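Take a look at the structures below.
The following pair of complexes shares a single chain, chain A, combined with chain B in the former and chain C in the latter.
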Partner chain A sequence: MTIREQPRQVLKRRASKRSDWKVALVFLLPLLVMYAIYYLYSIGFLASTSTTKVSVTFFNSIDVGWRNYAQLLTDPVFIRSMVNNILFACISIVAALTVAFFIATALATGVRAKRFFYLIFLLPALMPLSLVATIFGSMLTERTGILNQTLRAIGLGALAQPWLTQPGLAFAVVAVIFCYLIGLPIMYYTADLSALPTESLEAALLDGAGTFRIMRSIIYPMMRGTHITIILSLLLGSFRSLEVVLFSTRGGPGQSTEIVGSYIYGFATSGGPTIGFVSAVSIIVLVIALVLSIAQMVVTRPRKDMR
Partner chain B sequence: MKFSKTTAVVAAAVVVASLTLAGCSAGSTSTGSHIAADAKQTINVWGWAGAPGKDVMAGVISGFEKANPSITVKFTEIASLDYKNKATLALSSKDSIDVVGVSPSAWAADNASYLLPVSKWPNGAALVSKYQPQTIDQMKKLFPDDEIRAVPFGSSGSVVGFYNADLLKKAGLSAPPKTWADFTKLADSLKGTGIVPAVMPSDSWFQDEFLTTLVGQTDPSFWNNIRYNNGSFDTKSYIDALAKYKSLYDTGLFDKSTLDLAYSDAMALFDQGKAAVVFNGSWEAGRLLASYRAANKVQPSDVGAMGVPADSADQVSARSFLDVTYAIPVASTHQAAAEKFIEYTTAGAGVDAWASSLGFIPAEKNWKLPSGLLTTDVETSGYATLQTLIGAPSSDRNNLSNLSAQIGTYILQVVNGTMTPEAAAKQAEADHKSGKYN
Partner chain C sequence: MSVARGRVRPNRRTRRSRADNPMRGIVTGRADRITIYALLIVLAVLFAFPLYSAIVKSLEVNGIQNYISLFTDPVGDIPIWQTYLNSLAVGVVHATVVLTVSVTAGYAFSKLHFRGRELGFSAVLLFLAVPGIAILVPVYRITQELGLFNSYVGVGLPEAAITIPFGVLLMRNYGRNISDSLIEAANLDGAGHFRIFWNIFVPLSRPAIVNLTVLCFIWSLQDFLWPSFLFTNPSLTTAAQAVSTFSNALGRGAGDLARFNASLVVLAVPAVLFVVFGLRFIVNGLTTGSTKD
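Take a look at the complex of A and B:
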């Protein structure tokens, strides 16, 4: 390429890029319009409702200014719900990054009856959450639950516990249900493992690295993208895990296992003029989810030198 | 196929005319062109589960349709938890509902504008005179301007107890316990048998019901003061009642292992003969009927009713109020037929059909339970006890449901020892004053 030819080609490339951008815009425009109507209208509607006192009919609303937000941010139950939400999410993330990773890697090594094990681990994630939580809840009632009855029947009655009425135990129960759903993280890891370049693993094997060393020092760091996807999906998903709490502990005892979803549910189904308050909660949750999503974009953005 | 310009214009005109007529027709529905009671028509009746429920209402409806062959009744039963929101939406959208069950709570006032004042019903004034005056007085408290927009169906009381007469006999009690000292005898006799002295739903709204009943024993004005005079939860009587309730569990009269029982589980334990007493509302009084016990495999051979024991027998009381009321939406075009149905159901021949299931005490003046329904002395005296408790309540059971569900969580925390009675009373009052729960 001569020096004189260079500017012409640059111009040509720029023009082509511009035309690509226009084509992309034509295809994206209907979707953008739909998004604008669907999301922006909804968010705008929620925001305007959040400053009112109104029932589900949205008629005869009373403007209350920022009162809903003020009540919300000083409500100890809401703050506890937020904290619980994040704690449950953190516990399920730890389980996913350790147990789910280990299971996925172990199954990827070609153990016997691999499909059977996949089924075992995936099944809870494929079942309706409300069903899983209901089963857990009924198994754990102190007097009639199957767990305590079994413990008593085999002479271990001393281990029978008030699983759902002691705050600490009830919290642990909900945390276990959150962790029980590690099927999806296993699926993410399995999908990523199949695309992993094998050269590094072969090199490690040749260097005499053991299984756990390979898992810890080679595979785990290579799956950084999957870890981040799992962390964010579990964190954001925890805000939508209403069924887990509602059907197991009902937020109790004494709201010690309440999460944002169950907090909203209580007000939304009250039948009174509480929809403005519920909208304020939703806006706050939306802002938090937005912050998390932006964090995800920043964290997962490729470094400048990698572009 | 080709159309001429004229054909297209005519077709367009026909379409526009049809749409206009359809629009007019829909408009006439919502603005209320009324159909005479004797015209052939179908009326839509909405109620929530258990008030008194589809099965019970089937008998009432079939009797009504026989008596009024030109009117067909379509009954829609909605889960009680969803009812308030669904009914509010349907009323505000002017859905074709002709009779709507009105929850006698803050919901009634919130939806008053969608309901036709009874004074504007075709025979409203005459109908009102058929109910006990007390129920009409209660009805007035539900609506902001004393103008009643619904008529009473029946009343209920809470909290009351249903007891297993066989177990009481074994404990040497000839009558149901009226004091905690009597109740202690019952609890002592059951030690080591695996049978618990008492169960109740642990649902937070019911915990609030129980606590409010306990407060009513020593401070009868407590709830009405809260409800009608903007009174406070943070009172000595409320704190004392919280401490008393906690002590019932701490001393073993009530079993802490029952604190996670859902509504149906608590009832099931009693029905299986594993609890001597179940505390609930009078709407569970069907257990007094031998026919109910046989159909539902209820183990106790005889069941009676009692109030919640108190420190002294003369303090035993319950709160009571209207439980179900019926209204006609402003938008209904079948108001005359709707009123006929309401009259038949609440103050006419239909009353016996639902009242015989004992779910509610009818609001109709001079109504008497059909003879032969209750067969034993325990059943008969139990029903009389319910009538007495409901007829002379400590206060109105005119609940603030959402606030009640919230306060119930503090009560459970007090029982578990994670909150003091004083802190619970303060928090309950803060929630009450915040206005966000109702």
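Take a look at the complex of A and C:
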């Protein structure tokens, strides 16, 4: 290639860049097929089914207009499960922003047996949720659960409680399970800590600040982006955690610990003509998920400019 | 120890801490170090207690025999190792579909230039947060139409649909870190996009591909929703479903409870193996995929 030819070559390449869309279409084809089936078709199907009364066979559907939505928005159990969902998410967010942050920071300071600690703290988040919730459920069973047995054995029998069958306690149990699953936030913090700028830490050290002061006043504010990622991911995760409730309290007692996922699951498995109703709930959950996704995009965008 | 050494030779500490771990320097006093250990140990005891309690329970009656009998005399007509194999088979489908879609789309969104690329990418990310339960009804319908009930593909596909937005995000983020100059050089040498994709992009993205694969297998192992609706044949029970199968098959007597807890412990083993052998991939995968930049 001679020197004179080079500009033309560059021009040609620029031109070819602009026409990449045909190639792009080929590379995006698998994605488009999956999205067309599982998202586009799904949303259309949900929208049309949500105005009908139909069973899971999809035969003999009766058009009921907006009645499913009306019934849904006036159902106290639905409202309750929505509120619970958000409450559990908020509780796990508080745990993540405090406990998970502490665990990640403490483990990053070069403690011994780091791998062992990681194993213990991250394991719950990597086990099937159904398994974690079942273990909690079996541990807290009133008569045979190990917690009450232990309390009785050490003479604190008076503290033994019907953990899963008294509304307030059952709520607390589900909240504890949500807090138990903070492995993901620990991972996010750990990753962000490894990219921490050293200068401010050293300045603080020169000022003679103590460990916990540095954690709280220097490192914590620097993790703003990670805090936001964690808040949004836990909020979204709470809609995916139906097993937590299903396998511990089964939504009880009296549907007081129901979350949106277990609410839908209950109707979907009831076997009656409830599929239209389930579709209406699904549409509402989808709208929430899409809004949160947009929020995430908007919030994480300025971060890109900052860095 | 390192703290003491740091005190004697402050210069060396600063250099060391910069080089390997800046965080090491923040624990300045002995009291702080002890407090950190104490808090970590208390938390670790709390976190380990549930699994510990399951182990204790499982040995209460009949001891280790409960574990042996899980393999010699299956509970609820399904051998426990079969549930692992079922999860694994679903995981293979899940990973294959996710990789095919995400690596190709990741290439398009990071290395090709076309109008509306960023908009298209944002549209893909819009579905990052969709919970499986929200598309339960249409997926049931799609599975019905395609005749995919009781097949690994039938469960692997919707799992993949849920994972794909994340997979595309991961591959595109990783792809953006691959230098364009390599691709331009190959382009100048006359290599087409398909050769560049296969001979340059795929090999260079190997770390991200490995991370994504490990995550797909973990998520298949954890998934309860899709198998519970799309598998009706008990012999297809996956590991996440097995919990309820065993719970239904066993009674509430002390012996059965011990056996049930033994099965819970055994079901936790794959997760332990994942953490012990694959933690690096999991953490890298989840964290590179978490941000949009």
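The criterion applied here is as follows: the second predicted complex is superposed on the first by the 265 of 307 C-alpha atoms of A that agree within 3 Å, B and C clash if a C-alpha of one lies under 4 Å from a C-alpha of the other, contacts with A are read in each partner's own complex, and residues count from 1 in each chain.
By definition in this document, contacts are C-beta pairs under 8 Å (C-beta built on N, C-alpha and C of every residue); 3 or more make two chains touch, one makes a residue touch a chain.
Keep in mind the model is a prediction, meaning the values are calculated, not measured.
The partner of chain A that touches more of its residues, comparing chain B with chain C, is C.
When the two structures are aligned on the shared chain, A:56 is found in touch with chain B and with chain C. Once chain A of one complex is fitted onto chain A of the other, the partner contacts of A:297 are limited to chain C, with no touch recorded for chain B.
In the overlay built on the shared chain, the residue A:123 is in contact with chain C alone; chain B does not reach it.
Applying the stated contact rule after C-alpha superposition, one finds that A:254 touches chain B and leaves chain C untouched. Judged by the touch definition given at the top, the superposed model places A:65 against neither chain B nor chain C.
When the shared chain is aligned, no partner comes close enough to touch A:155: not chain B, not chain C.
Looking at the shared chain after the overlay, A:20 reaches chain C, while chain B stays out of its contact range.
In the superposition on chain A, contact is made by A:277 with chain B only, not with chain C.
When the two structures are aligned on the shared chain, A:168 is found in touch with neither chain B nor chain C. In the superposition on the C-alpha atoms of chain A, the part of chain A touched by chain B in one complex and by chain C in the other spans residues 56, 144.
Only residues 9, 13, 16-18, 20-21, 23-24, 27-31, 34-35, 37-39, 41-43, 45-46, 49, 56, 58, 99, 102-103, 105-111, 117-124, 126-132, 134-136, 138-139, 144, 146-147, 180, 184, 187-188, 190-193, 196, 198, 201-202, 204-205, 210-212, 214-215, 219, 225, 229, 233, 236, 239-240, 242-243, 247, 260-261, 264-265, 268, 275, 278-279, 282, 285-286, 289-290, 292-294, 296-297, 300-301, 303-304, 307 of chain A touch chain C when the two sit together in their complex. Residues 2, 14, 17-18, 21-29, 32-33, 35-37, 39-40, 43-44, 47-51, 53-54, 56-57, 97, 100-102, 104-105, 107-108, 112-115, 117, 120, 122, 124-142, 144, 157-158, 160-161, 164, 168, 184, 187-188, 193, 197, 218, 221-225, 229, 239-241, 243-244, 247, 252, 254, 257, 260-261, 264, 267-268, 271-272, 274-276, 279, 282-283, 286-287, 290-293 of chain C touch chain A in their complex. Interface residues of chain A facing chain B in the complex, by the touch rule stated above, are 53, 55-57, 59-60, 68, 71, 77, 141-144, 162-167, 250-256, 266-267, 269-274, 277.
Of all residues in chain B, only 81-85, 88-89, 91-92, 103, 106-107, 110, 113, 196, 202-204, 255-261, 265, 269, 401-402, 405-406, 409-410, 412-413, 416, 418-419, 434-438 touch chain A in the complex they form.
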